[in-house]
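Encoded as structure tokens, the structure appears first; notes follow it.
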């Protein structure tokens, strides 16, 4: 019947008629659940989302037993680039580098993400550079790059420094960043103007402290990435206005990391889940959300971190991350509530086209 | 889990401040002995803390039994470790060139490092943190409190307290002559002590000449000028006699050539006991390293146990340091005890860990003694301070009780 | 007085040895005339057996204390050490140490036939440091990198040969419950049990062979040169003690025919020698108690604790066994959830549970037994209990309670004279009397002088050669100044130009 589609770009021909999908339940952008949901896709976009009623006339109808949601947005992924291409080891500051030029959507790990319900990846440069360049948002099917300049990565952790290349110390690194932002051009200028969010790569609490101070001094907006310690500094993070990209949270993770998520939620700090694919398996994105819910995070907040909030952090909230009118038609059909680990992906639509169908469907 | 916590709380002999106490900044401390570090000792007196500052130090006692009352045997000012070496690592010193006078180690310190809490439990409330001595001139040190808020500002007692550098074998240690492959910037001078001294002299001379000769300018030269003028204390690590000499002679050369009059403090001056008159005549302050058990210490120097006493007698301002150690036999309070064992009087030992380091680094307005108006940094002891039969049972930093002397409540 | 007669030979020795011997001599000033009678008068006498005595007198005759009291009378011809400014104290007792030997650990895992007497180095600086810290009784044991180690020995820190240093030989076997480096706990536990199992099997075989008429054991013993006619070797006797296993027919075997390698272990099982059982964790305490109970030496066991073994304090209290605690008094743990560190002062746990314990020292410089005891006081242990843990209790743990640990009539003539309270940081050991002889005088301790105040350069003014030099003389040494020496040995030798006062 339906062949299993391999994400090397072969897709079924775009349907000309609108596609109306009915599902028992839908997860909306704000995390709320809609019963008896109708989602209508037209020309690659979502044209309507409502509860109850009938499919529009002249639309193809697909009845799905299970849930429907927007595709997951995975922050801080490395999938889509050869590992060696993530970072230029000759220089630690590459303000004009754009990871978009290194993307290869045909790489198998991109399809792995698609199969787990992830429809967009925010691919970021490696953490070890002082100025890594701009990350990009990539669709996991079809190869579309939604945003070529999603965030500017700046390194604030000790791994950004080596002892045999300038700069070797935090002081000199910060001085260099200040110098670059004094008379900025290109991406740095956009960051300074506030148009381009900054991704601050951190590790220890002192890194977070430095990043917050720097963001305040330079009036930058964006997100912190890579620290479980953000939870203990949640108040300071809230004051700074920065968001947080959480590192992958797995089984057996220190309770401290889970507590951090709860602290952030309590303080009202916006956060999304990071993936580090292919270093972590794409399924760990939902696993992270499920573990946080088990620890006490509200389900709707966990869902936002997987979708709409993540899209906002990636700067693409207008197009992605929500099951809402006007958004790009990236939807996933699940066997159950996507926040339940027992649910599995049944089918994935990217830009309104069926990109993946689970076996046996 | 709960029984484990119960057991731990029973056996732990001093608990950290309980939730809810942290915000209070007003305390009344009643003590048998109040050692103020001003020379005044009060028997059976009271120290009043208000709003994070010392409000009163008096012999009169009004025991009221209030919840904010703490009754202990002795009180001293919070201890100051004049060379703490905490929260820093190789990423805290800019090694791309050997002379980096403008770099501020404050930007690289990890104030969340657990070592700060450990030394706090030993009674140390202020620490001097310098860039590690891999460079000839590493940059500007900072004085920090060992407890406080989550920002650098909240912990800073004074920024840029000293221009830090080293004379000896450490700064030349990582450099190699440029034979064979020159793969990184460590193929450079200095590779010997004379190279190190040359870098120091060049930095000072260039600073003196730059107004006339612009080609001498290098990043951070303004700091060298401040140091020459005596406005910025120069802290030089020099363990051995020859290195101490080099440091003092450098200062004296600047004076002789009328280039300036640097204010010099020598850190880790282990062999200062050999030629104390050098320090006396040049008015150089000294920070001693931890007392070595068998005499030999850093850079091959030999430190006699009576060093502190000898220097103090000759009028040299002596401060002690524990290099951030927290163990019972190595911490700063133990070092003060060892100085006493070497013949130093208690008053001088107390000064060496309170008011002397404060004066050496310009902190005396805020810390270093129990005087009205200063920061409420206090150590509460259950016996005579520095005797191993007593220990710090309570520590207050900026008026906040960080180590609670009261017995933990039993569930 | 063999030590004194050595003084004439000293310059003949090799240079390093010579320096050491001279150093030793520095510790031994005029030992008084040999009538063996000594009276020590001190401003305060801490006896550790009752109240302190003000202006007390300690009388010693033939190496034993004959009286302690304010009114103790010394014989008219006794030498007198009169120091009203000093405090007299019993020598400190180190209940367990692995220092002072050539190497503390052996490669052979089960080696009860070894003896530390073959490895103790009398001129090790460790003993010199013990003496100047007032530690007069030291139990030297093999290190913990084994399963069953050799016999220990209690020594005094004075003497040029093992015989001179001897206080008691065969002070106890070292048994180790902690895993050896590179091994797991399970392996260690099995090796421990196996050692005793193999002993059983060996003894069973001996009996069986005897019953079968084989005389292999006898021939082997003769081949090894054992004298089977000696009284103790001739007869067999039944297995004594209360091990959980018994070898039937052991009385058939003459004791001399039991292999030397196994024999000490048999004596351990029979309850004839003590065991120092090393435990590095709470888990290993459980193992130790099990093995000791099963193999008959439970009543003679002293636990030597390390790591988190203190967490088994309840079990130890129940067992009634005494302990020697780790020199690391503060145990630090980090909570995995909050990251906060908790510190536990280990001796307090034992004091609170009324377990008898002795302390160990990190005996290099000031961190000696007095320091450990002082820290106990700081952390809430009664002064009496703290002092006992380094004197009386430690002596009792070593079964030398009748000989050392207190200043009482009948005990060994070991007295330490301190400049102040033994637990004060400013107090130093001024004199040491060992077995009634003055063996240490701090004023003549060259190495101590060197440590405390450095070495004056010969031909230089006090404070160094730069005293009067012009500030212009910078860089290389000003003319006339001697080149820098190697600090230490050479200067020490030059200092020794004035030899110690010759003996009468």
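Each chain gets a letter, A, B and C, in the order it is written, and its residues are counted from 1.
Everything that follows uses one rule, which is that a contact is a pair of C-beta atoms (placed from the backbone, for glycine too) under 8 Å apart; a residue touches a chain by one contact, two chains touch by 3 or more.
Predicted model, so just to flag it, every value in this text is computed and none were measured.
S.K.: Report the chain closest to the protein's overall CA mean, measuring from each chain's own CA mean.
M.R.: B
S.K.: Please tell me whether A-B or A-C has the greater number of C-beta pairs in contact.
M.R.: A-B
S.K.: How far is the middle of chain B from the middle of chain C, if each middle is the mean of its Cα atoms, in Å?
M.R.: Centre separation, chain B to chain C: 38 Å.
S.K.: Measuring centre to centre with CA averages, how many angstrom lie between chain A and chain B?
M.R.: Distance between chain centres, rounded to whole Å: 46 Å.
S.K.: Rounded to the nearest whole Å, what is the centre-to-centre distance of chain A and chain C, using the mean of the C-alpha atoms as each centre?
M.R.: Centres of chain A and chain C (C-alpha means) sit 66 Å apart.
S.K.: Can you pull out the residues of chain A that are in contact with at least two other chains?
M.R.: Expected reply: no residues.
S.K.: Could you list the positions in chain C whose residues touch two or more of the other chains?
M.R.: Residues 339.
S.K.: Could you please specify the touching residues of chain A with respect to chain B in the complex?
M.R.: 158, 161, 163-172, 174-175, 204-206, 209-210, 213, 229, 232-233, 236
S.K.: Touching residues of chain B toward chain C in the complex: what are they?
M.R.: Going by the criterion above, the answer is residues 8, 11-13, 16, 114, 117-118, 121, 241-242, 245, 249, 252-253, 256, 273-278, 281, 291-295, 302, 304-307, 310, 327-329, 337-338, 340-343, 382-383, 386-391.
S.K.: Considering the complex alone, what residue numbers of chain A touch chain C?
M.R.: Residues 254-256, 259.
S.K.: Quick check on the complex: what are the chain C residues that touch chain B?
M.R.: Residues of chain C touching chain B: 329-330, 333-334, 339-345, 348-349, 352, 362, 364-367, 371, 374-375, 377-380, 383, 423-426, 428, 450-454, 463-464, 466-467, 471-472, 474-475, 484, 487-488.
S.K.: Per the contact definition, I'd like the list of chain C residues that touch chain A in the complex.
M.R.: 336-339
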